[in-house]
Amino acid sequence: MNLARNFVENFPCFSIVLCMVAGILSTPIKGNHAKRITLLVVILVTCMSAATFLYVVSTGTSFVYTMGKYPAPWGNEIRAGVLETMLATVFSLVMLFSLLGGMDHVFKDIPEEKINLYFILVDLLLSSLLAIIYTNDLFTGYVFVEINTIAACGMIMIRKIGRSLVAATRYMVMSLIGSGLFLIGLAMLYDITGHLLMENAHLVMNQLVQEGKYSVPLLVIISFITVGLAIKSGLYPFHSWMPDAYGYSTVSSSSILSSLVSKSYIILLIKIFYRVIGFDNIVNSKIVDVLFVFGLAGMVMGSVGAIMAKDIYRMIAFSSVAQIGYVYMGIGLETEAGMVAAIFHILTHAITKSLLFLAAKGLNNVSGRKRVFYALQGSAFRNPLAGVAFLVGSLSMVGIPMLSGFISKLLFATAALGAAREKVLITLIVLAVSTILNAIYFLHTVVRIYTPVHVPEEFKNVHVRVSKGAALAVFSLICMNFILGLLSQPITDLIQVGIAMFA
Amino acid sequence: MTAMYLFLAAMLLPMLSGLFLLFFQGKLKNRTLKCILIFLVMALTAGLTVRLMCFEDYQLVLWHLTDKLDILVRMDNMTRLFAGMTVTAWTLGGVFAFEYMKHEEKEDRYFGFYLIVMGVLIGLDHAGNLITLYLFFELMTLSSLPLVLHTLTHDAVMAGLKYLFYSVAGAFLALFGIFYLYAHGAGLPFCEGGYLMVLDAYSGSGKMTLLVLMLMIVGFGTKAGMFPLHGWLPTAHPVAPAPASAVLSGIITKSGVLAIIRVVFYTVGADVLRGSWVQYTWMTLALITVFMGSMMAYKEQVLKKRLAYSTVSQVSYILFGLSVLNQDGMVGALSHFVFHSVVKDCLFLVAGVIIYKTGKKTVKELTGIGKEMPITMWCFTLVSITLVGIPPTSGFISKWYLAEGSLQTGIGGYAWFGPVVLLLSAMLTAGYLLPISIQSFFPGEGYHYQELRKKEPNLLMLIPMLLFTAAAVVFGMFPGRFLGFLQMTAADVIR
Amino acid sequence: MSSVYLVLPVVLPIVGGALMPILHLPDKKRNLLLEILVLLTSAIALLCVYRRPEAGFTLFHLTGNLDFALRLDGLGSVFTCLIAILWPLSTLYAFEYMRHEERTTSFFAFYTMTYGVTMGIAMAENLVTMYLFYELLTLVSVYLVMHPMTKKAIRASRTYLYYSIGGAAFAFISLIFVIVFGDTTDFILGGVLNMEKIGNNVSTMLFVYLLSFWGFGVKAAVFPFQGWLPKASVAPTPVTALLHAVAVVKSGAFALMRLTYYCFGPDFIRGTWVHFAVMSIAMLSIIYGSTMAVKETHFKRRLAFSTISNLSYIVLALTMMSPLGLLAGISHLVFHAVMKIGSFFSAGAILHQSKKEYVDELDGLAKKMPFVFTVFTLCGLSLIGIPLFAGFVSKWNIAAAAMEVGEQYPYAYMAVMVLLYSALMTAVYILTVAIRAWFPDRGKELHSNEKITDPNWEMKLPLGLFAITVLVFGVCSEPLMQVFRAVVQGTF
Amino acid sequence: MGPNLWANIDEVAAVILFGIGFTTLLLHKNMIKKIIGLNIMDTAVYLFLAAMGYVDNRLAPIVENGVTDVDAYINPIPSGLVLTGIVVSVSVTALMLSLTIRLYRKYHSLDLDEILIRMQKEELT
């Protein structure tokens, strides 16, 4: 038993390493094999994360896994609590489904010789994601953030069309600025605390706060770190790169990027809030209110952008701007309920967004790959599965009960009532407004794809047969959506437990 | 119980036979037979109504519409008066129509609705509480509409709509009052002198009640062509076929009067109004209407229109008589109601005869028509004199009482101002009626006697006219018992 | 009987409708099957009302203290009966009407699903469930609006979609507040708010009530969110009649009843600024609706405007915040359903038989199709509120309620005035049609040569029944009123 | 403030450098300049770290001729961080450069706005 324990405790670190190894292995071999290896790895990682998750839930405590032979406060640690493991599981699942769903497009979009490279990047990305989720060491966090960025950028630019190159560039620049700020923030943090491990830094931090020393540098540090990560995750005013980056890379990339990568930074941020600086200190420094305001702005402006958008991908991309706005709004509520809502929404959005991207691709395929809306007229009848997927995704985003979107809306709203008085009504009203905007662009598209008349002649009798993998992926994503929508109670409970474990 | 069945019979018999006639339009080919049948129905109804009038006063609940709303009929002097007048005028008008409608199309439709309205009116006259009154009031509006637009010329249809919307608007004004009064316990049957004062539900809401009463008076006054909602009358009456317009201004306008009587004297009680702003406004409106009506009539050249305007002014005599809120005024009003109905019926019938025989419409054309149809024009002249109110005709009596009433009120201005206006308008009446008969009998120069040929109508038309004329004159000569009846009625209404 | 049966009336039509497109049946078979399905559902629903299970039935547990649950209380039963009786009739009518249309299968599929969803609204035990079905109703009924698939229809359907979802979004706010500040989300006559929990948030609460009043009111087309309704009358008549006279809009009014009397509670709102605000909103929409109806010359759209004003009668009655008001609201809810569906079906029959859509084309048409026009005239008179017709009774109730409230807040007298104004307008826009049809101007009878007749029995039967109902309820509404009174006192 | 500032002159210099790099990366249109800015920024951070970790008159943390006393050496961790950081920044720079090359090949320009314009043109055609 005890042995089994220790064995399970190796899983997090092992899965990270496994991904890297897979990446290295895939270097010399051909695309097809790389694909198999990657899928295998992702599945393995999923299983391991799930196992760890169950294990942590059963023990009810988080565990720390020391890497290398140096103990704290020096060495380099990995920490696995309920939240981390759950996120890891969900992320790797979504990753798997996004890959499956977009597989045939990967082979279409990407030049033959580059395919194995693509899968290497995927492996790298997964490993960095896991690392960011698990890490207990700030600097490791930074390193993997960078790796994450590089991998993501590679996944965007691997498709050799002009726009994706430019998008990659802009993405790169933005996130480099972000990581620059993050790095300097870390450096200063290290400067005043003298620690890189989260617990120890936290201890010192509390001490400093009690003594009231370094209040100004502390504020600077918090704002640097927060702003840096916010920029990287594409909070509203810094979203300019998003639409192109998501809109023009191959579908798997865009779904992975939009649903996982940008979220991983938020998770790191939350982690730092709780485990390093301490949530009370964060609240005291008014930085969160800034997040709140930008979050609200994002909720509205993102949707407006989506309404303006000229093609379906950009529309969905803009909607993720809005969704990230939701998450930051939740964080900005400064309550635990808000945090729970935010994290739940991260899950919701991860699932729904990837579903939407896959669906959009499927619809776009039967519409002559035209990047215009009218081409989509009636496409849901040409590709029923994609149609249903898009329907479910949209409804979830609009927040129809029984789907995950409704629950996160519910959580946000309930959290809002617990928040500071001046935030209550504004939050609720902005929620309502952004719901209406969501309805406007998503349901408009739904109506369009389900309109069997005025269909452009050339697509009248286009029919596409969806590969089993894609079908499976879409189907299971839909199921996950319903599961989150109907059985949300245990999940929210777990999230609460996880946050409790953070402290 | 028998009363109930009799009443139902009296009300439903004409209605059902009317509906029957509507359903089988043009099926009954033999015209004579049809006319006889219709006449029988009307006569029978009249008989039944008279029989009902002979009963003691009674109240019957026909039906519970909801827990608060009852359909309730009631027999009292007011009912007797109005019901009696109605059936008489209606039957005679019907008889006249037998001949007149020959030159109109779709006479079956006409007679059908004519009968239905008769039934409705009987119901209206018997109405025993506000809601029943309102019910029959609305039904009357709707069912009398086809009579107005019977000719289906564009004017007729438009006039019909105008009539409809004015009446409905008025009815709704009144309905507001009914809502209000019911909320204050006015669900009970009418009773002489009103009962609202004594209810405790009423206590304290005096101001609102007055306002509501004003609304109701104006609302019901619409049917009676009272200013400001008189606009429909001069448009609607002339376009209808002559017998229709006769009963319209003879009887249907009076239903407005009845409604006001029922509200003021049988529900709220005159004391509530006496001396209030409502009474003054009411009197003023009545007087305005009296004067304006006769002015317009004086200016009008089309005969039927002129008569219609005259109706406007004459009916307001009645309203004025009521508005003074004393017994003499009441007597005057009621008597004028009877006389005016008789007279106005007769006048319209004459106009009808002229149109029927010669097709002449405007006053100018009537020069010398007295030579062609002397009897007709004699009727015309006599009743005109009555209407003007030259003693010893009936009109004189009623106006005398009206003047008496207004002098008794002792309200500074009105006391003498009322009679003055009445006098003025009497002169105007003379001015717009008598010249017609004069020029019709004395065409003067340039009238070609050689072209003269008798155009006297047949008996079907003559008899009604003659009867009306006779009535007008006789009432004037021997008013005694009739006035006694009226005084009795007035006495137990106004204490 | 066991509360499990409550699920059937909701689920049967939804599933049945969903299956329709899958088993490709020939029209005749399909219609038969559908009619049977609908009748069966209605039967079960009525049975449920007749032998009413006291307990509710929880479909499943959502989160926290939120579950999706069905239960029949007084108000719910009334609405259930209304739908259960009207739906089979209009389905019958729809068969004939849709005979020559395309895509009938999908049409009927959604038509039937809508039935189930509406049942769900009627039977919802708590606010969350009602919200769920409220959203679903939008989604299933939107196809029916866009069914003609003309550009106009699609645009109309979009407008409908945005309005309703938007409304729901605001209604959602109230849901949250009730969850947090109420003892429970279940519907309890007199409201569930917990004053301790509210504390000093009363003003916020009132504001939220206003928001959600508008939110749910969107479906009931209260001012200024009435825009979608006239647009939506491009839909086939059975839809306009049933959805925009009964199912959808009435669900809106029903939701408002639930919100006002079963969640917030009239006592909470009576006398506050919100009370007068909502009253004024209702009055505004009455005036707007009836005036526009007079202006409108397209027959069905005219009726749609009339629906706007009549719905606001119901809302106005509700806003009296008194038991009498609720009673009046319920009675008008029922009676208006009957008479409006009657007049809509007449309009549809006219459209279907003679292809005439505009009021000024109807001169003398009554001679050709007397039956339809008789029905229309009767329903019309009832709409105006002539005594002896159903409409009068409900209007009387509304006025009575207003008068009662007027004692305390004289502002309510305004309500009666508005009522009478709109009654006059109703007279104008209904009777002009009737008179044109029965008594056309000379030489305006355009139809002397056209072959136009009354429709066949499938259309006539519902029409006749509606006309009869209007008359019957007009003459003896007392038994029904007793039921309603029981509902209002919560003793049903 | 004055002496305090002088005492931490390295950190101050680092922060100023960081600012310069940051603005260059953010505002310059030219890709190459952006990259240079990026490097300046990173270097600034390394300077900051190094200055932080440096203790006067001690040796670099490399064990020489057997001196194992901890006090003989400066704090090794910052140096470690710097090394790691350099690796990261090098790789990032490489990536950026490769991107730049690709962009240049495609649009024959290094100016980002120019590139955007040409891209739109290309899509229109």
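Residue numbering begins at 1 within each chain, and the chains themselves are lettered A, B, C and D in the order written.
The rule we apply is simple: a residue touches a chain if its C-beta (ideal position, glycine included) is under 8 Å from a C-beta of that chain, and two chains touch if they have at least 3 such contacts.
Small disclaimer: the values here were computed from a predicted structure and weren't measured.
Colleague: Determine, using the mean of C-alpha atoms as each chain's centre, which chain is farthest from chain C.
Modeller: So the chain farthest away from chain C turns out to be D.
Colleague: For chain C versus chain D, what separation do you get between their C-alpha means, in angstrom?
Modeller: 68
Colleague: Averaging only over C-alpha atoms, locate the centres of chain B and chain C and give their separation in whole Å.
Modeller: So the centroids are 44 Å from each other.
Colleague: Whole-Å distance, chain A centre to chain B centre, using C-alpha means?
Modeller: Between these chains, centre-to-centre, one finds 85 Å.
Colleague: If you average the Cα atoms of chain A and of chain D to get two centres, how far apart are those centres in Å?
Modeller: From the centre of chain A to the centre of chain D is 27 Å.
Colleague: By residue number and range, which residues of chain D touch two or more other chains?
Modeller: None at all.
Colleague: Quick one: label the inter-chain contact graph as line, ring, star, complete or other.
Modeller: Shape of the chain contacts: a line, open at both ends.
Colleague: Between which chains is there touch?
Modeller: A-C, A-D, B-C
Colleague: Residue numbers of chain A touching chain D in their complex, please.
Modeller: 74, 139, 142-143, 146-147, 149-150, 153-154, 157, 162-163, 165-166, 168-170, 172-173, 176-177, 180-181, 183-184, 187-188, 190-191, 196
Colleague: In their shared complex, at which residues does chain B touch chain C?
Modeller: For this pair, the touching residues of chain B are 63-69, 131, 134-135, 138-139, 142, 145-146, 149, 152-154, 157, 160-161, 164-165, 168-169, 172-173, 175-176, 179-180, 182-183, 208.
Colleague: For chain C, which residues count as touching chain A in their complex?
Modeller: It comes out as residues 60-64, 66, 103, 128, 131-132, 135-136, 139, 142-143, 146, 149, 151, 154, 157-158, 161-162, 165-166, 169-170, 172-173, 176-177, 179-180, 204, 207, 211.
Colleague: In their shared complex, at which residues does chain C touch chain B?
Modeller: Of all residues in chain C, those touching chain B are 381, 384, 386-388, 393, 396, 399-400, 402-404, 406-407, 413, 416-417, 420-421, 423-424, 427-428, 431-432, 435, 439-442, 475-478, 481.
Colleague: If we count contacts the way the header does, which residues on chain D are in touch with chain A in the complex?
Modeller: Residue list for chain D touching chain A: 11, 15, 18, 21-22, 25-26, 31, 34, 38, 41-42, 44-45, 48-49, 52, 77-78, 81, 84-85, 88, 91-92, 95-96, 99-100, 102-103, 106-107, 112, 115-116, 119, 122-123.
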